[in-house]
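By written order: A, B, C and D. Residues from 1 in each chain.
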Amino acid sequence: MGLPMAKNLANRTPSVVAFDSNPTACAEAMACNIQILDSVQAVGERQCDVLISMLPGDQAFDTVMTEWRELFARAGNTHKPQTILNCSTVSPSTSKKWQESYHLHGGHIVIDAPVSGGVKGATDGTLTFMVGCQSHEDLDKVRPYLDIMGKQTFYCGPPGTGSATKLCNNLALAAQMLGICEALSLGEELGVDPVVLASVMNTSTAKCWSSEVNNPHPAVAERMANKPPAANGYVGGFATNLMLKDLNLALQAAREENVALPLTSTTKELYHLAQKHGLGDRDFGIVLSFLRGKSR
Amino acid sequence: MGLPMAKNLANRTPSVVAFDSNPTACAEAMACNIQILDSVQAVGERQCDVLISMLPGDQAFDTVMTEWRELFARAGNTHKPQTILNCSTVSPSTSKKWQESYHLHGGHIVIDAPVSGGVKGATDGTLTFMVGCQSHEDLDKVRPYLDIMGKQTFYCGPPGTGSATKLCNNLALAAQMLGICEALSLGEELGVDPVVLASVMNTSTAKCWSSEVNNPHPAVAERMANKPPAANGYVGGFATNLMLKDLNLALQAAREENVALPLTSTTKELYHLAQKHGLGDRDFGIVLSFLRGKSR
Amino acid sequence: MGLPMAKNLANRTPSVVAFDSNPTACAEAMACNIQILDSVQAVGERQCDVLISMLPGDQAFDTVMTEWRELFARAGNTHKPQTILNCSTVSPSTSKKWQESYHLHGGHIVIDAPVSGGVKGATDGTLTFMVGCQSHEDLDKVRPYLDIMGKQTFYCGPPGTGSATKLCNNLALAAQMLGICEALSLGEELGVDPVVLASVMNTSTAKCWSSEVNNPHPAVAERMANKPPAANGYVGGFATNLMLKDLNLALQAAREENVALPLTSTTKELYHLAQKHGLGDRDFGIVLSFLRGKSR
Amino acid sequence: MGLPMAKNLANRTPSVVAFDSNPTACAEAMACNIQILDSVQAVGERQCDVLISMLPGDQAFDTVMTEWRELFARAGNTHKPQTILNCSTVSPSTSKKWQESYHLHGGHIVIDAPVSGGVKGATDGTLTFMVGCQSHEDLDKVRPYLDIMGKQTFYCGPPGTGSATKLCNNLALAAQMLGICEALSLGEELGVDPVVLASVMNTSTAKCWSSEVNNPHPAVAERMANKPPAANGYVGGFATNLMLKDLNLALQAAREENVALPLTSTTKELYHLAQKHGLGDRDFGIVLSFLRGKSR
């Protein structure tokens, strides 16, 4: 995800510098006139206006944030406060923790701004950002960058609420997909043509993105104009593994806040079983196949 | 439901006759120039072109169908074949069983045409019908009546598929509502304003009827133009008891067809627990309150 | 199951007659001096003191009971009242329905007496019977036969309670097995030797038949004196398919009685998924493998 | 729990010193000739052979361990390596983390030894310890203390496995209790006397501690010799809140290890809902009442 986002930035703003642990990504970035530095620390030392992170999860984010904080502490007053724009999906409590910690240690601002839209949205510059930060003023500081990388930005509230909004949207989405899969699975056995069932649902109270845009039934998907992954063996799309990661973050947040999420728990376990049965790298609509006994 | 449907028919077609076990409904029907007969049997004896049934479930439907079949058998060849339009939600196998049985015993046609839209849709004549029958020709025989009582009719396929489609739509709907409830419940504890969360979801991949039209959070519902039941203590709307009935029918059909519905099972149990805790007569969005510890 | 039960009876009582739709079973029975009749009806015509049924489920039981009732009705007063001992597992409401119907039509007694103990118990004459009937006197009429086929008989109460007890025992058993599987699965990943974990559980509050006698972990099973199916690729034992059948009957009874069974619903769905993934003919302990991603 | 454990130690070994944040507990301990110190730090400074911790959870344990480690670091070589015996239930990864950290920083030994047996077991000195540590030699160092406080000690394996074993036992126990509750709930509605059902299960394959020792049905509990909490409004016993805490720890460990625990997830959610409905301080058998619609 980070590479296409950096490319879009480099096309529109001067002097983008970057680091990635993956050398292939670095090489490709250099080919697009992005200066590649040696390390996370080297990026921190540049005293850029905005530091943007796009990392696989809480642990990687913790590592980078710890490194930068130590760097800033060593630099002391010679280091001006910076804005860190975290586009990774991390848990709301992690996001909040660092926003508080950085604020206390030198007045830095940390903004949580997880995205939706996937690799395609990152490439096309059409991502959606869900932003949590102290104020609209803080958001304004990074808005020019968000506008380059995406087409929609939601201000969700104080630190952590951007992450929270992303996780809440995705837990509802995960349940919707599974509900549509079960409806299509039962309907077909009862003799309803899945194309007919999908069309009825799409004009009725069960309509949702998973029935209308990302329909998980191959027979329905093949007849749609914008063919979703189900038309192509569930390749591409939003991987089951990534949905599982978000569901785990949502359940962890729920535990911290003492919120009961019985449906989300079941949903998570089903995607987890699908992953255990070898389907983790396919679009999460493949859970339809899993319910019917398919593994790899 | 039967009364407003009959009223709309009586407004547009002559000579509607009816029977209901509820004397109040009968009295109100008579006030609208509907002739009330003494019994289910008396209705059957009238040799109307179309017999319309609107009954609480499989058992009541079985009773009526048994009675009429015996009546028709006694009458023999003097009784012309009739069309029975069943608007009750019954299990697909029950629907199929009677369609076959009536066809064998005298060439009668039985059509399953369960509705969505609730009492309001029945009153306004804006119901949606999901129709299962042998052919489009059979559907054409009842279409004039469907067009009076509703605004949309879907032909779903052979006998039983109307019922199947209704149940499939509603199981997906039930999961969507619960997913939205869990998202709103977690979001609020994480500091996201429910109005903000709902508005983000409604422009994103979690958008559905339960977030957009029938939002279950009172704070969101109160700010909507068409206030859903959550704005009014969950009075009105689609009762938890009725959703529970449909989920039970879906699970029974799944058992007969050997379909695994793990999410629907969890969904059903949660609505069932809400009912056990005294919330059965409220709109099914009240499951949001149940998750947070509310009972009556 | 019926064959070894009949053999044990024939060894101890004269004049056992029988019918089975499976010719191989009939041939083997004849070799053991059991007289094989032509049909279910022929068995009913013999006017034996006790008729014993061992059938695959509700539907087969309904068919046989319908046939016999019609036979008895035709025979009228010349046919003395009989005792029907049903050892099949059927739903409590089916059991109750026939007990009432037969009592009304000629004073016949129907006793529900489902078994536990499997093919091995049937062969060894060590089955356990859970009996539902009107009185201890009714039970005494069949006790000599129960004592030949089994070693333990529980009087559970009025008609239907034998079936109910069997289903209740088995739903608890199904959850226990899954709980033990999840404990062993998590423990192993956390570095606990499954043999150690099993031995701690077996002296602690998690001890149960599924940890102590039918332990589902191959490494534990191999070290036990009486090797359970997990020591042998889950061949033999109590098939996942049969457990699934009992769980479906329990859930159906729960629906009829408006009882919420959330854990049993989840349990049923997991065995169902295991069956969908090709594991239905193996001992139900194979759900441990299923959780870890194994299919056939 | 800490108080009765300390009392038993003080009865048998000289010079027990202690600290607790609860002044009432401290006062009672002083009355039993236990010297109370001012702080966690003061306890650490005493250079006792063994430090025993009994704390409410991971967070409190982390705080104490951080404090002591800093203390030991400041003291440097003048501080001899100590053995820390942690009897709190914490997550296996937390236990492992501190065992490694203390070993690296000065050769201290940390042993995880969570207990079962509750306040009664602590008072009577009949606790069961599940121990994780590097070797049997390490266990031998604390065995004299374990033998005073408990009657059974299991060596479960390397660091973290004591905690793991405790959590695995309890997740199986939680599912067993719920399974027994559902069996008793369904059985009663089907007309089976709960006393009869319990007695059949207790001689059959569903027998477990939750049916035999801690039966959750009041009618059964009242007739038992050692009356379990269900005989007394579910007061006493193992609180739903504590079971919920253990289930959350188990699920967190499962997430870290990528283990699917679908039944445990459902189980956790049901205890969580019971807690949300005001039943958290009662014995976890009260989930039987919750399933039937009871709240406080």
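FYI, contacts are C-beta pairs under 8 Å (C-beta built on N, C-alpha and C of every residue); 3 or more make two chains touch, one makes a residue touch a chain.
In this text, all values refer to a predicted model and were calculated from it rather than measured experimentally.
K.L.:
Looking only at C-beta pairs that count as contacts, which pair of chains has more of them, A-C or C-D?
P.N.:
Answer to which pair has more contacts is C-D.
K.L.:
So what's the Cα centroid distance for subunit C and subunit D, whole Å?
P.N.:
Computed value for the inter-centroid distance: 38 Å.
K.L.:
CA centre of subunit A versus CA centre of subunit D: separation in Å?
P.N.:
About 38 Å, centre to centre.
K.L.:
How many angstrom between the C-alpha centroids of subunit C and subunit A?
P.N.:
50
K.L.:
Using the touch rule from the top of the page, what residues of subunit A touch 2 or more other chains?
P.N.:
260-262, 266, 270, 273, 276, 291-292, in rising order.
K.L.:
If each protein chain is taken as a node and each touching pair as an edge, is the resulting graph a line, ring, star, complete or other?
P.N.:
complete
K.L.:
Note which residues of subunit B are touching subunit A in the complex, please.
P.N.:
It comes out as residues 92, 116, 128, 130, 152, 154-158, 160-161, 164-165, 167-176, 178-180, 182-187, 189-193, 196-197, 199-201, 203-211, 250, 253-254, 257-264, 266-267, 270, 291-292.
K.L.:
Given the complex with subunit B, which residues does subunit D contribute to the contact?
P.N.:
266, 273, 276-278, 291-293, 295
K.L.:
Touching subunit A in the complex: which residues of subunit D?
P.N.:
248, 251-252, 255, 260-262, 265-266, 268-270, 272-273, 276
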